[in-house]
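Structures follow.
Each of the next two complexes has chain A plus one more chain, namely chain B in the first and chain C in the second.
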Partner chain A sequence: MSYVFQFGTVWRELDHLLLGAWLTLRLSALAMVFGLAVGVAGAQAKASSSRLLRGMVQCYVEAIRNTPFLVQLLLIYLGLPSLGLRLTPDQAALLAMVVNLGAYATEIVRAGIEAVPNGQIEAGRALGLKPWHIFRFVVLMPALRTVFPALGSQFILVMLASSVVSVISAEELTAVTDTIVARNFRSFEFYFVITGIYLALSLGFQALFAAVDHALFARWADRA
Partner chain B sequence: MRHSIGRLLSFAIALLLSIAVAGPQHRAAAQTIDDIIKRGKIIVGVNTTTPIFGLMGKDGQPEGYDPDVARLVGKYMGVPVEFVSVTGANRIPYLLSGQVDMVIALFGITPERALQISFSIPYASEAATLVAPASRQVKTVDDLKGLRVGVPRGAMQDLILTPIAEAKGINLMRFDDEATDLQALISGQTDLAGTGLLVYRTLNRNDPGKNYEVKIVLRELHFGIGVRRGATDLLQWLNTFIYAIKNDGELDGISRKWRELPVGDLPVF
Partner chain C sequence: MIREFSLGEVWFLVLAARWTVLLTIVAFVGGTAGGLAIAMLRVAKSTVLRGAAATYIKVLQGTPLLMQLYLVYFGSNLLGFGANAWASAALALTLYASAFLGEIWRGCIQAIPRVQWEGAQALALGHFLQLRLVVLPQALRIAIPPTVGFLVQLLKGTSLASIIGFTELTRAAQMVNNATFRPFATYALVAVLYFVLCWPLSMSSRRLEHRLDREGIAAARVAAAANT
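== the complex of A and B ==
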């Protein structure tokens, strides 16, 4: 093994790497928030009595879950301009991530909702709660609590998938690294270091999810 | 704590190395002609996203100027050619990690790159240009202020524009390959695209009506075949090979077929 590691080159480019990691972080955090919102709305729609609505959501979920993220991304960035919708690379990346995560989150939240016992909902009705309150407190919160670990994994997957958006020139962590490596060719060092950065981001998000889980759902656990 | 981090790190390194060593079936690392002939095939990295110089053909085989030169290499070595697709950004790592024997992929000859790999004498000339529809009013680099200029990441256009982009107010956008770079221009996601001298013809065929043309020639350049440093035997053979195909007209034939231009005078070094 004759390769000589030069980690000094990484140190010199650290500000660029951190800037890229910052965009990765921002894109991922926003995608998680909006993706969850899409997922909750989608799951609610799937539980609705309207067959048309259920069918539309089913089409969305199947279309997204059975096609590659990269293709969805290119379709949004390079395809939508033909329809007059021109997004910047960052906007297109975020939209692709939200659309993608939303489909998976829909299925995950739906599973959680189906796990809520009917008796619980009937109990809510018996107490005279309004339908919106029943959905929010009797169905959604326990459902989210049940599926929170699965949602967390999906959130992490979307964060990792964000490395793909470098193809449309969004300057996130992988893109910044590719650009630097194209210039100084120290690929081993740089990919090694950003592997560590992605790992740190994942672990950071997981710690955040654990804190959110505790803050939001601990009192539900007490009553369960 | 320190101990366990060290162990984790060494485990991670061991894992990475085992993947690096055991993973790709393409691992070639032939350093001499004898290695290649003994193995019975030559593994060549070509770019299949660059019109004229290399595209994936309808039969799934690469076609273009570079693949044709690669096939000539195979013909004169007497071995079949195995193609591996590389991009502007990963062609040096592919060479250095031994996944290809040589790279024939619009490889502009620069002293910085020559620190990492060795170049043969030039087998093709090109220019790094910026292309845009005829309606775009741009004559010099100074006119690029505020415009979105797409480039293939790590390509010559990227290297030329990056140092001046900020000062000149150029919105430089780096795409992973030239195909996406050109597609972004067609979609109107960029105002100009960094590419070669002749690609505007392909653009006009595929997206007629906009009259794409070369707006700025950033730099004339020549392409060499890239091999690993120290592969002097292979390098010497390639230089001899290029001399020969220049002399007997075969290279001119390839140039006329793909560039619709004679090969012209190529410098030697």
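== the complex of A and C ==
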């Protein structure tokens, strides 16, 4: 092999890579917050008495879970302008991630809500709680506690999938690296290093979610 | 010169889907061999082997599939094999599938009660024969639903091969879009094609899981959890 690896080039661009990592972190965090909101709304809609609403949510979940994220992204970024909705790459990337995560989160949160025993809800009613309070304290919080580990791994999957939004040049780690590589052709070295950065990010998120789980839910004592 | 989006384009996309299917099959066959090896290493007696397999899974599950594709694609070029998109995509997806299938199957193997191992041991079978004759046949049953579920994830993952230039369904869509400039129609059709490929798999995975559940095999839940 006559190729000489030059990791020194990577070192010199490190501040750009760290900026890229920050952009990935921010994009993923936003997607997690909004995606979870969509998931909670979707799960609530699936528990509604309206058959039409339940069917619509089911179609959304199945459509997203059975098509690739890349196609969803391209449909939103390239396809929506012909329907009159023109988004910047960053907006399209965030929207695609939220729509994608929302579908998975709907299924996860729904599973958690279904695991809440009926007796618990009746107990809430017997105590004279308002419906909104029953949903919030008796249904949603215990449900989230049950499914928090599953949500956490789905959040990490979305963070990893965010590298795909580089194809529409949304600003994040992979796109930043693409730009540098187009200038100096050191593809292997750069992608090798940012693969390590992604690994660090997912291990970091794992540790963070474990800490959040402990801080938020430890006082709820034993998980079933 | 902008072409019309006609039946010819539709047919072109439908035909391109066979490359998606072929890439999925190649990666799944490779991933089955690799995943079996990883799963067996994960339940091996040696701590070093178990740790090595666990690290492999951690790295492959903790990094983006796109980066794995890039590293195989640019790496094989550096090693002098030339930049072949088809071979790189097949290899990268095989490595990816090995990690996920290995982790799923480890869960299935460990869901088999300890007494089954001990029973096999009482029959004077060695570790490998205990695994092959007693544990794996039982693990196989609970492994099928999550494995079919992962197949959907793998099939969707092949769309990333378009980014390194392998012409499968998504890349074909880019070509059609460049020629016709009808992005919404093109990508909506492509999404439908993916859905047609994935949905039956998702449904059968769910049905198989329900059947196991009904038969009271709680372990299916354990295996399904490993699939997220």
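Definition applied: the second predicted complex is superposed on the first by the 218 of 224 C-alpha atoms of A that agree within 3 Å, B and C clash if a C-alpha of one lies under 4 Å from a C-alpha of the other, contacts with A are read in each partner's own complex, and residues count from 1 in each chain.
Everything below uses one rule, namely that a residue touches a chain if its C-beta (ideal position, glycine included) is under 8 Å from a C-beta of that chain, and two chains touch if they have at least 3 such contacts.
Predicted, not measured: the structure shown is a model, and the values here were computed from it.
Overlap between chain B and chain C is detected when the two structures are superposed via chain A.
With both structures placed on the common chain, the touch criterion links A:146 to neither chain B nor chain C.
Contacts of A:154 after superposition on the shared chain: chain C is touched, whereas chain B is not.
By the touch criterion stated above, A:167 is placed in contact with chain B and with chain C alike. Applying the stated contact rule after C-alpha superposition, one finds that A:44 touches neither chain B nor chain C. Contact with chain C, but none with chain B, is seen for A:67 once the two complexes are overlaid on the shared chain. In the superposition on chain A, A:78 makes contact with both chain B and chain C.
When the shared chain is aligned, chain C comes close enough to touch A:203, but chain B does not. After overlaying the two complexes on the shared chain, residue contacts for A:194 are found with chain C alone; chain B is out of touch. For chain A, the partner that touches more of its residues is C, with chain B and chain C as the two candidates. Comparing the listed stretches 26-34, 62-70, 80-88 or 98-106 of chain C against chain B after superposition, the clashing one is 80-88. 1, 74, 78-79, 81-82, 166-167, 187, 192 are the residues of chain A that lie in the contact sets of both chain B and chain C, per the superposition on chain A. Listed in rising order, the residues of chain A touching chain C in the complex are 1, 3, 62-63, 65-72, 74-75, 78-83, 150, 153-154, 156, 160-164, 166-167, 174, 187-188, 191-192, 194-195, 198-199, 202-203.
If you check the complex, the residues on chain A that touch chain B are 1, 74, 77-79, 81-82, 86, 89, 166-169, 171, 175, 178-179, 181-183, 185, 187, 192. In the complex of the two chains, the chain B residues touching chain A come out as 16-17, 88-89, 92-93, 96, 112-113, 116, 150, 153-154, 158-159, 173-177, 180, 183-184, 187-189.
Per the touch definition, chain C reaches chain A in the complex via residues 59, 62-68, 70-71, 74-75, 78-80, 152, 156-157, 159-160, 162-163, 170, 173, 177, 182-184, 186-188, 190-191, 194-195, 198-199, 202, 225, 228.
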